(Lines give C-alpha, C1' and ligand atoms only; values in the text may rest on other atoms or scores of the structure.)
Protein backbone atom coordinates (compact mmCIF):
# COMPACT_ATOMS: atom_id res chain seq x y z
CA UNK A 1 0.00 0.00 0.00
CA UNK A 2 1.08 3.58 -0.37
CA UNK A 3 0.94 6.47 2.05
CA UNK A 4 -0.30 9.86 0.99
CA UNK A 5 -1.94 13.04 2.12
CA UNK A 6 -5.51 13.96 1.19
CA UNK A 7 -5.30 17.29 -0.64
CA UNK A 8 -8.76 17.65 -2.12
CA UNK A 9 -11.75 15.94 -3.62
CA UNK A 10 -13.48 15.87 -6.97
CA UNK A 11 -17.12 15.74 -7.97
CA UNK A 12 -18.46 13.66 -10.84
CA UNK A 13 -22.17 13.94 -11.58
CA UNK A 14 -22.20 11.78 -14.69
CA UNK A 15 -20.64 8.49 -13.67
CA UNK A 16 -20.90 4.69 -13.63
CA UNK A 17 -23.93 3.56 -11.58
CA UNK A 18 -21.78 1.51 -9.22
CA UNK A 19 -19.97 4.68 -8.16
CA UNK A 20 -23.05 6.52 -6.91
CA UNK A 21 -22.47 7.52 -3.30
CA UNK A 22 -18.69 7.14 -3.45
CA UNK A 23 -16.51 10.00 -2.28
CA UNK A 24 -13.52 10.66 -4.53
CA UNK A 25 -10.51 12.06 -2.72
CA UNK A 26 -7.34 13.37 -4.34
CA UNK A 27 -4.33 11.86 -2.57
CA UNK A 28 -0.76 13.08 -3.00
CA UNK A 29 1.96 10.55 -2.29
CA UNK A 30 4.51 11.44 0.39
CA UNK A 31 8.01 12.43 -0.68
CA UNK A 32 9.28 10.22 2.16
CA UNK A 33 7.93 7.20 0.28
CA UNK A 34 8.91 8.07 -3.27
CA UNK A 35 10.78 11.10 -4.56
CA UNK A 36 8.55 11.00 -7.60
CA UNK A 37 5.52 12.60 -5.97
CA UNK A 38 2.26 11.91 -7.81
CA UNK A 39 -1.45 12.23 -7.20
CA UNK A 40 -4.27 9.77 -7.61
CA UNK A 41 -7.99 9.56 -6.93
CA UNK A 42 -9.06 7.09 -4.24
CA UNK A 43 -12.52 6.26 -2.92
CA UNK A 44 -12.79 7.04 0.77
CA UNK A 45 -13.54 4.00 2.92
CA UNK A 46 -12.80 5.36 6.41
CA UNK A 47 -14.02 8.96 6.58
CA UNK A 48 -10.74 10.71 5.84
CA UNK A 49 -10.55 14.49 5.80
CA UNK A 50 -8.41 16.91 3.85
CA UNK A 51 -4.89 17.15 5.27
CA UNK A 52 -4.91 13.70 6.82
CA UNK A 53 -2.17 11.16 6.07
CA UNK A 54 -3.76 7.96 4.82
CA UNK A 55 -3.07 4.40 3.75
CA UNK A 56 -4.23 3.63 0.21
CA UNK A 57 -4.83 0.15 -1.24
CA UNK A 58 -4.49 -0.25 -5.01
CA UNK A 59 -5.83 -2.70 -7.57
CA UNK A 60 -8.42 -5.39 -6.95
CA UNK A 61 -7.81 -5.00 -3.19
CA UNK A 62 -9.60 -1.66 -3.32
CA UNK A 63 -12.77 -3.27 -4.68
CA UNK A 64 -12.79 -6.69 -3.04
CA UNK A 65 -11.54 -5.51 0.35
CA UNK A 66 -13.95 -2.61 0.69
CA UNK A 67 -17.33 -4.23 -0.04
CA UNK A 68 -17.56 -2.80 -3.53
CA UNK A 69 -16.41 -5.77 -5.59
CA UNK A 70 -18.62 -4.75 -8.52
CA UNK A 71 -17.56 -1.10 -8.65
CA UNK A 72 -14.95 0.27 -11.09
CA UNK A 73 -12.62 1.34 -8.30
CA UNK A 74 -8.86 0.71 -8.34
CA UNK A 75 -7.79 2.75 -5.28
CA UNK A 76 -9.31 3.14 -1.82
CA UNK A 77 -8.34 4.92 1.37
CA UNK A 78 -8.36 2.08 3.91
CA UNK A 79 -6.74 3.63 6.98
CA UNK A 80 -5.69 6.89 8.60
CA UNK A 81 -2.07 6.92 9.70
CA UNK A 82 -1.69 7.90 13.38
CA UNK A 83 1.72 9.42 12.86
CA UNK A 84 4.68 9.17 10.52
CA UNK A 85 7.20 7.79 13.04
CA UNK A 86 7.92 4.71 10.95
CA UNK A 87 8.98 6.94 8.07
CA UNK A 88 11.44 9.17 9.88
CA UNK A 89 15.16 8.75 10.22
CA UNK A 90 15.83 7.32 6.80
CA UNK A 91 16.24 9.36 3.66
CA UNK A 92 15.72 8.03 0.20
CA UNK A 93 18.90 8.07 -1.80
CA UNK B 1 -8.08 6.12 -10.38
CA UNK B 2 -6.43 8.65 -12.58
CA UNK B 3 -7.74 11.88 -14.05
CA UNK B 4 -7.16 12.76 -17.68
CA UNK B 5 -8.47 14.63 -20.64
CA UNK B 6 -10.00 12.91 -23.66
CA UNK B 7 -7.92 13.99 -26.66
CA UNK B 8 -9.08 11.64 -29.39
CA UNK B 9 -10.29 8.20 -30.27
CA UNK B 10 -9.02 5.28 -32.28
CA UNK B 11 -10.74 2.81 -34.59
CA UNK B 12 -9.94 -0.88 -34.72
CA UNK B 13 -11.81 -2.95 -37.28
CA UNK B 14 -9.97 -6.21 -36.68
CA UNK B 15 -10.28 -6.89 -32.97
CA UNK B 16 -11.21 -9.39 -30.26
CA UNK B 17 -14.91 -10.34 -30.45
CA UNK B 18 -15.55 -9.14 -26.91
CA UNK B 19 -14.54 -5.62 -27.93
CA UNK B 20 -17.16 -5.20 -30.66
CA UNK B 21 -19.20 -2.11 -29.90
CA UNK B 22 -16.64 -0.61 -27.52
CA UNK B 23 -15.52 2.97 -28.07
CA UNK B 24 -11.79 3.48 -27.58
CA UNK B 25 -10.84 6.91 -26.33
CA UNK B 26 -7.32 8.30 -26.06
CA UNK B 27 -6.88 9.88 -22.64
CA UNK B 28 -3.98 12.13 -21.68
CA UNK B 29 -3.16 12.30 -17.97
CA UNK B 30 -3.24 15.72 -16.34
CA UNK B 31 0.03 17.41 -15.45
CA UNK B 32 -1.59 18.37 -12.13
CA UNK B 33 -1.67 14.66 -11.25
CA UNK B 34 1.71 13.52 -12.48
CA UNK B 35 4.44 15.56 -14.13
CA UNK B 36 5.14 12.55 -16.31
CA UNK B 37 2.25 13.08 -18.71
CA UNK B 38 1.29 9.94 -20.64
CA UNK B 39 -1.56 8.72 -22.80
CA UNK B 40 -3.59 5.55 -22.67
CA UNK B 41 -6.58 4.01 -24.40
CA UNK B 42 -9.71 3.57 -22.26
CA UNK B 43 -13.11 2.18 -23.16
CA UNK B 44 -15.82 4.78 -22.70
CA UNK B 45 -18.45 3.81 -20.13
CA UNK B 46 -20.22 7.13 -19.62
CA UNK B 47 -20.47 8.90 -22.98
CA UNK B 48 -17.42 11.14 -22.67
CA UNK B 49 -16.58 13.59 -25.43
CA UNK B 50 -13.30 14.96 -26.67
CA UNK B 51 -11.96 17.70 -24.39
CA UNK B 52 -13.72 16.46 -21.28
CA UNK B 53 -11.84 15.74 -18.06
CA UNK B 54 -12.57 12.20 -16.96
CA UNK B 55 -12.00 9.65 -14.21
CA UNK B 56 -10.36 6.45 -15.45
CA UNK B 57 -10.34 3.10 -13.63
CA UNK B 58 -7.48 0.72 -14.37
CA UNK B 59 -6.96 -3.02 -14.12
CA UNK B 60 -9.65 -5.58 -13.34
CA UNK B 61 -11.89 -2.76 -12.07
CA UNK B 62 -12.36 -1.61 -15.66
CA UNK B 63 -13.78 -4.98 -16.69
CA UNK B 64 -15.61 -6.14 -13.59
CA UNK B 65 -17.00 -2.75 -12.66
CA UNK B 66 -18.33 -1.90 -16.12
CA UNK B 67 -20.33 -5.01 -17.06
CA UNK B 68 -17.69 -6.33 -19.41
CA UNK B 69 -15.99 -8.89 -17.19
CA UNK B 70 -15.15 -11.11 -20.16
CA UNK B 71 -13.66 -8.38 -22.35
CA UNK B 72 -9.92 -7.72 -22.71
CA UNK B 73 -10.19 -4.23 -21.28
CA UNK B 74 -7.79 -2.82 -18.67
CA UNK B 75 -8.91 0.83 -18.60
CA UNK B 76 -12.35 2.44 -18.64
CA UNK B 77 -13.70 5.97 -18.40
CA UNK B 78 -16.08 5.72 -15.44
CA UNK B 79 -16.93 9.35 -14.68
CA UNK B 80 -16.80 12.88 -16.00
CA UNK B 81 -15.19 15.35 -13.62
CA UNK B 82 -17.43 18.36 -12.95
CA UNK B 83 -14.52 20.67 -12.30
CA UNK B 84 -10.91 20.51 -11.19
CA UNK B 85 -11.32 22.42 -7.92
CA UNK B 86 -9.87 19.55 -5.89
CA UNK B 87 -6.68 19.74 -7.88
CA UNK B 88 -5.98 23.44 -7.59
CA UNK B 89 -3.83 25.19 -5.05
CA UNK B 90 -1.19 22.54 -4.67
CA UNK B 91 1.75 22.12 -7.00
CA UNK B 92 3.66 18.93 -7.42
CA UNK B 93 7.22 19.28 -6.22
CA UNK C 1 -4.79 -0.30 -22.97
CA UNK C 2 -1.62 0.75 -24.67
CA UNK C 3 -0.82 1.26 -28.33
CA UNK C 4 2.35 -0.09 -29.85
CA UNK C 5 3.97 -1.37 -32.98
CA UNK C 6 4.84 -5.02 -33.54
CA UNK C 7 8.58 -5.15 -34.14
CA UNK C 8 9.35 -8.86 -33.92
CA UNK C 9 8.55 -12.14 -32.30
CA UNK C 10 10.31 -14.59 -30.02
CA UNK C 11 10.38 -18.36 -29.90
CA UNK C 12 10.31 -20.38 -26.70
CA UNK C 13 10.55 -24.14 -27.04
CA UNK C 14 10.72 -24.94 -23.33
CA UNK C 15 7.69 -23.26 -21.77
CA UNK C 16 4.65 -23.62 -19.53
CA UNK C 17 2.16 -26.14 -20.98
CA UNK C 18 -0.62 -23.56 -21.09
CA UNK C 19 1.45 -21.48 -23.50
CA UNK C 20 1.77 -24.14 -26.20
CA UNK C 21 0.43 -22.72 -29.45
CA UNK C 22 0.72 -19.08 -28.37
CA UNK C 23 2.51 -16.63 -30.61
CA UNK C 24 4.74 -14.20 -28.71
CA UNK C 25 5.08 -10.83 -30.35
CA UNK C 26 7.49 -8.07 -29.31
CA UNK C 27 5.59 -4.78 -29.14
CA UNK C 28 7.25 -1.37 -28.87
CA UNK C 29 5.13 1.37 -27.33
CA UNK C 30 4.52 4.47 -29.42
CA UNK C 31 6.36 7.67 -28.55
CA UNK C 32 3.05 9.50 -29.10
CA UNK C 33 1.68 7.66 -26.06
CA UNK C 34 4.60 7.86 -23.68
CA UNK C 35 7.98 9.47 -24.22
CA UNK C 36 9.50 6.59 -22.28
CA UNK C 37 9.40 4.05 -25.09
CA UNK C 38 9.58 0.45 -23.90
CA UNK C 39 9.03 -3.03 -25.29
CA UNK C 40 7.01 -5.92 -24.01
CA UNK C 41 5.99 -9.39 -25.12
CA UNK C 42 2.29 -9.90 -25.86
CA UNK C 43 0.41 -12.98 -27.03
CA UNK C 44 -1.25 -12.37 -30.40
CA UNK C 45 -5.02 -12.70 -30.31
CA UNK C 46 -5.97 -11.16 -33.67
CA UNK C 47 -3.36 -12.21 -36.24
CA UNK C 48 -1.14 -9.14 -36.09
CA UNK C 49 1.86 -8.86 -38.35
CA UNK C 50 5.22 -7.16 -37.95
CA UNK C 51 4.96 -3.41 -38.49
CA UNK C 52 1.31 -3.15 -37.55
CA UNK C 53 0.08 -0.73 -34.89
CA UNK C 54 -1.87 -2.64 -32.28
CA UNK C 55 -3.95 -2.31 -29.13
CA UNK C 56 -2.55 -4.27 -26.17
CA UNK C 57 -4.49 -5.27 -23.05
CA UNK C 58 -2.50 -5.80 -19.86
CA UNK C 59 -3.03 -7.76 -16.67
CA UNK C 60 -5.86 -10.19 -16.00
CA UNK C 61 -7.74 -8.73 -18.98
CA UNK C 62 -5.24 -10.43 -21.28
CA UNK C 63 -6.06 -13.87 -19.90
CA UNK C 64 -9.75 -13.59 -19.04
CA UNK C 65 -10.71 -11.56 -22.10
CA UNK C 66 -8.92 -13.78 -24.63
CA UNK C 67 -10.15 -17.28 -23.73
CA UNK C 68 -6.94 -18.26 -21.99
CA UNK C 69 -7.91 -17.69 -18.37
CA UNK C 70 -5.62 -20.49 -17.18
CA UNK C 71 -2.53 -19.38 -19.11
CA UNK C 72 0.36 -17.37 -17.60
CA UNK C 73 -0.21 -14.43 -19.92
CA UNK C 74 -0.24 -10.80 -18.78
CA UNK C 75 -0.36 -9.00 -22.14
CA UNK C 76 -2.31 -9.69 -25.32
CA UNK C 77 -2.73 -7.98 -28.68
CA UNK C 78 -6.50 -7.49 -28.87
CA UNK C 79 -6.94 -5.16 -31.85
CA UNK C 80 -5.22 -3.70 -34.87
CA UNK C 81 -5.43 0.08 -35.05
CA UNK C 82 -6.84 1.30 -38.38
CA UNK C 83 -4.95 4.55 -38.24
CA UNK C 84 -3.36 6.89 -35.72
CA UNK C 85 -5.64 9.87 -36.32
CA UNK C 86 -6.73 10.01 -32.69
CA UNK C 87 -3.13 10.47 -31.64
CA UNK C 88 -2.20 13.32 -33.92
CA UNK C 89 -2.31 17.01 -33.17
CA UNK C 90 -1.30 16.84 -29.56
CA UNK C 91 2.26 16.58 -28.36
CA UNK C 92 3.28 15.23 -25.01
CA UNK C 93 4.88 17.90 -22.89
CA UNK D 1 8.30 -10.18 -6.19
CA UNK D 2 10.54 -7.46 -4.90
CA UNK D 3 13.23 -7.50 -2.25
CA UNK D 4 13.44 -4.79 0.36
CA UNK D 5 14.55 -3.95 3.86
CA UNK D 6 12.10 -3.35 6.69
CA UNK D 7 12.83 0.16 7.97
CA UNK D 8 9.86 0.88 10.22
CA UNK D 9 6.18 0.38 10.84
CA UNK D 10 3.09 2.54 10.95
CA UNK D 11 0.04 2.55 13.18
CA UNK D 12 -3.48 3.15 11.95
CA UNK D 13 -6.22 3.21 14.57
CA UNK D 14 -9.04 4.18 12.27
CA UNK D 15 -9.04 1.65 9.45
CA UNK D 16 -11.05 -0.81 7.38
CA UNK D 17 -12.44 -3.63 9.54
CA UNK D 18 -10.69 -6.29 7.51
CA UNK D 19 -7.33 -4.77 8.45
CA UNK D 20 -7.78 -5.14 12.22
CA UNK D 21 -4.86 -7.15 13.60
CA UNK D 22 -2.62 -6.55 10.58
CA UNK D 23 0.90 -5.25 11.12
CA UNK D 24 1.93 -2.58 8.62
CA UNK D 25 5.63 -2.51 7.87
CA UNK D 26 7.46 0.12 5.85
CA UNK D 27 9.72 -1.61 3.33
CA UNK D 28 12.44 0.15 1.34
CA UNK D 29 13.42 -1.47 -1.93
CA UNK D 30 17.07 -2.46 -2.36
CA UNK D 31 19.28 -0.39 -4.64
CA UNK D 32 20.66 -3.70 -5.99
CA UNK D 33 17.22 -4.40 -7.45
CA UNK D 34 16.27 -1.00 -8.80
CA UNK D 35 18.27 2.23 -8.72
CA UNK D 36 15.01 4.07 -8.17
CA UNK D 37 14.71 3.26 -4.45
CA UNK D 38 11.16 3.61 -3.13
CA UNK D 39 9.20 2.68 -0.03
CA UNK D 40 5.90 0.91 0.37
CA UNK D 41 3.71 -0.43 3.16
CA UNK D 42 3.32 -4.21 3.31
CA UNK D 43 1.36 -6.38 5.75
CA UNK D 44 3.66 -8.73 7.61
CA UNK D 45 2.90 -12.40 7.01
CA UNK D 46 6.03 -14.05 8.44
CA UNK D 47 7.07 -12.12 11.57
CA UNK D 48 9.67 -9.87 10.00
CA UNK D 49 11.63 -7.44 12.17
CA UNK D 50 13.12 -4.04 11.45
CA UNK D 51 16.37 -4.29 9.50
CA UNK D 52 15.57 -7.65 7.93
CA UNK D 53 15.72 -8.17 4.16
CA UNK D 54 12.41 -9.53 2.95
CA UNK D 55 10.52 -10.83 -0.07
CA UNK D 56 7.35 -8.86 -0.84
CA UNK D 57 4.45 -10.05 -2.99
CA UNK D 58 2.34 -7.40 -4.72
CA UNK D 59 -1.19 -7.25 -6.06
CA UNK D 60 -3.86 -9.90 -5.64
CA UNK D 61 -1.14 -12.37 -4.60
CA UNK D 62 -0.78 -10.51 -1.30
CA UNK D 63 -4.45 -11.09 -0.43
CA UNK D 64 -5.17 -14.47 -1.97
CA UNK D 65 -1.86 -16.04 -1.07
CA UNK D 66 -1.84 -14.94 2.57
CA UNK D 67 -5.29 -16.03 3.81
CA UNK D 68 -6.73 -12.53 3.69
CA UNK D 69 -8.58 -12.63 0.38
CA UNK D 70 -11.23 -10.21 1.66
CA UNK D 71 -8.82 -7.60 3.05
CA UNK D 72 -7.80 -4.41 1.20
CA UNK D 73 -4.15 -5.42 1.07
CA UNK D 74 -1.99 -5.09 -2.04
CA UNK D 75 1.45 -5.91 -0.58
CA UNK D 76 2.60 -8.57 1.89
CA UNK D 77 5.91 -9.69 3.31
CA UNK D 78 5.97 -13.39 2.43
CA UNK D 79 9.54 -14.43 3.20
CA UNK D 80 12.74 -13.41 4.94
CA UNK D 81 15.79 -13.56 2.69
CA UNK D 82 18.60 -15.65 4.22
CA UNK D 83 21.32 -13.69 2.49
CA UNK D 84 21.81 -11.52 -0.57
CA UNK D 85 24.26 -13.82 -2.39
CA UNK D 86 22.05 -14.03 -5.48
CA UNK D 87 22.21 -10.28 -5.86
CA UNK D 88 25.97 -9.80 -5.72
CA UNK D 89 28.41 -9.65 -8.56
CA UNK D 90 26.23 -7.82 -11.02
CA UNK D 91 25.69 -4.09 -11.06
CA UNK D 92 22.72 -2.38 -12.59
CA UNK D 93 23.71 -0.28 -15.56
CA UNK E 1 5.33 -10.36 -20.38
CA UNK E 2 8.87 -9.20 -19.94
CA UNK E 3 12.15 -10.72 -21.04
CA UNK E 4 15.09 -10.96 -18.70
CA UNK E 5 18.21 -12.86 -17.86
CA UNK E 6 18.49 -15.09 -14.78
CA UNK E 7 21.40 -13.71 -12.75
CA UNK E 8 21.05 -15.53 -9.44
CA UNK E 9 18.73 -16.99 -6.87
CA UNK E 10 17.79 -16.28 -3.29
CA UNK E 11 17.04 -18.53 -0.35
CA UNK E 12 14.30 -17.87 2.16
CA UNK E 13 14.00 -20.34 5.02
CA UNK E 14 11.28 -18.52 6.93
CA UNK E 15 8.44 -17.98 4.46
CA UNK E 16 4.74 -18.33 3.73
CA UNK E 17 3.67 -21.99 3.75
CA UNK E 18 2.40 -21.80 0.18
CA UNK E 19 5.90 -20.94 -1.00
CA UNK E 20 7.56 -24.10 0.31
CA UNK E 21 9.30 -25.83 -2.57
CA UNK E 22 9.37 -22.78 -4.80
CA UNK E 23 12.66 -21.71 -6.36
CA UNK E 24 13.21 -17.95 -6.32
CA UNK E 25 15.27 -16.67 -9.21
CA UNK E 26 16.63 -13.14 -9.59
CA UNK E 27 15.86 -11.89 -13.10
CA UNK E 28 17.38 -8.79 -14.66
CA UNK E 29 15.39 -7.15 -17.42
CA UNK E 30 17.08 -6.77 -20.79
CA UNK E 31 18.27 -3.34 -21.88
CA UNK E 32 16.81 -4.13 -25.33
CA UNK E 33 13.35 -4.10 -23.74
CA UNK E 34 13.62 -1.11 -21.42
CA UNK E 35 16.56 1.22 -20.90
CA UNK E 36 15.61 1.33 -17.24
CA UNK E 37 17.11 -2.04 -16.29
CA UNK E 38 15.68 -3.49 -13.07
CA UNK E 39 15.68 -6.78 -11.21
CA UNK E 40 12.86 -8.81 -9.76
CA UNK E 41 12.33 -12.15 -8.08
CA UNK E 42 10.33 -14.72 -10.06
CA UNK E 43 9.35 -18.27 -9.17
CA UNK E 44 10.80 -20.74 -11.65
CA UNK E 45 8.17 -22.75 -13.52
CA UNK E 46 10.27 -24.26 -16.33
CA UNK E 47 13.66 -25.22 -14.89
CA UNK E 48 15.60 -22.12 -15.90
CA UNK E 49 19.29 -21.87 -15.14
CA UNK E 50 21.55 -18.93 -14.40
CA UNK E 51 22.46 -17.01 -17.54
CA UNK E 52 19.41 -18.08 -19.52
CA UNK E 53 17.12 -15.53 -21.17
CA UNK E 54 13.57 -16.09 -19.98
CA UNK E 55 9.98 -14.97 -20.39
CA UNK E 56 8.39 -13.74 -17.15
CA UNK E 57 4.66 -13.40 -16.47
CA UNK E 58 3.57 -10.83 -13.89
CA UNK E 59 0.54 -10.38 -11.69
CA UNK E 60 -2.28 -12.87 -11.23
CA UNK E 61 -1.10 -14.68 -14.37
CA UNK E 62 1.92 -15.92 -12.42
CA UNK E 63 -0.29 -17.64 -9.84
CA UNK E 64 -3.30 -18.74 -11.86
CA UNK E 65 -1.34 -19.79 -14.93
CA UNK E 66 1.26 -21.84 -13.07
CA UNK E 67 -0.85 -24.11 -10.84
CA UNK E 68 -0.17 -22.10 -7.71
CA UNK E 69 -3.33 -20.01 -7.50
CA UNK E 70 -3.18 -19.95 -3.69
CA UNK E 71 0.47 -18.90 -3.41
CA UNK E 72 1.65 -15.33 -2.80
CA UNK E 73 3.52 -15.17 -6.11
CA UNK E 74 3.33 -12.21 -8.50
CA UNK E 75 6.05 -13.18 -11.00
CA UNK E 76 6.93 -16.51 -12.65
CA UNK E 77 9.39 -17.67 -15.27
CA UNK E 78 7.13 -19.32 -17.85
CA UNK E 79 9.41 -19.86 -20.82
CA UNK E 80 13.03 -19.96 -21.94
CA UNK E 81 13.72 -17.79 -24.97
CA UNK E 82 15.42 -19.73 -27.78
CA UNK E 83 17.21 -16.69 -29.11
CA UNK E 84 16.85 -12.92 -29.14
CA UNK E 85 16.31 -12.52 -32.90
CA UNK E 86 13.01 -10.72 -32.44
CA UNK E 87 14.75 -8.07 -30.39
CA UNK E 88 17.57 -7.21 -32.76
CA UNK E 89 17.67 -4.50 -35.36
CA UNK E 90 15.69 -1.91 -33.48
CA UNK E 91 17.09 0.38 -30.85
CA UNK E 92 15.03 2.05 -28.17
CA UNK E 93 15.05 5.79 -28.58
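Every chain is named by a letter (A, B, C, D and E) in the order it is written, and numbering of its residues begins at 1.
One rule holds for everything that comes next: a residue touches a chain if its C-beta (ideal position, glycine included) is under 8 Å from a C-beta of that chain, and two chains touch if they have at least 3 such contacts.
The shown structure was predicted, so the numbers you read here are calculated from the model rather than taken from an experiment.
Undergrad: Approximately how many whole Å separate the CA-defined centres of subunit A and subunit C?
TA: Roughly 30 Å, centre to centre.
Undergrad: Could you grab the centroid distance between subunit A and subunit D? Build each centroid from C-alpha atoms only and quote it in angstrom.
TA: From the centre of subunit A to the centre of subunit D is 19 Å.
Undergrad: Residue numbers in subunit E touching 2 or more other chains?
TA: Where subunit E meets two or more other chains at a single residue, that happens at 36, 59-60, 62.
Undergrad: Mapping chain-to-chain touches, which pattern fits: line, ring, star, complete or other?
TA: Graph shape, chains as nodes and touching pairs as edges: a ring.
Undergrad: List, in order, the chains that make up the ring, beginning at subunit C and going on to subunit E.
TA: Listed round the ring from subunit C, with subunit E adjacent next, the chains are C, E, D, A, B.
Undergrad: Give the list of subunit C residues in touch with subunit B in this complex.
TA: 1-3, 32-36, 45-47, 55, 57-62, 64-66, 76, 78-90, 92-93
Undergrad: Under the touch definition given earlier, write down the residues of subunit E that touch subunit D in their complex.
TA: Those in contact with subunit D are residues 7-16, 18-19, 24, 26, 28, 31, 36-42, 59-60, 62-63, 69-75.
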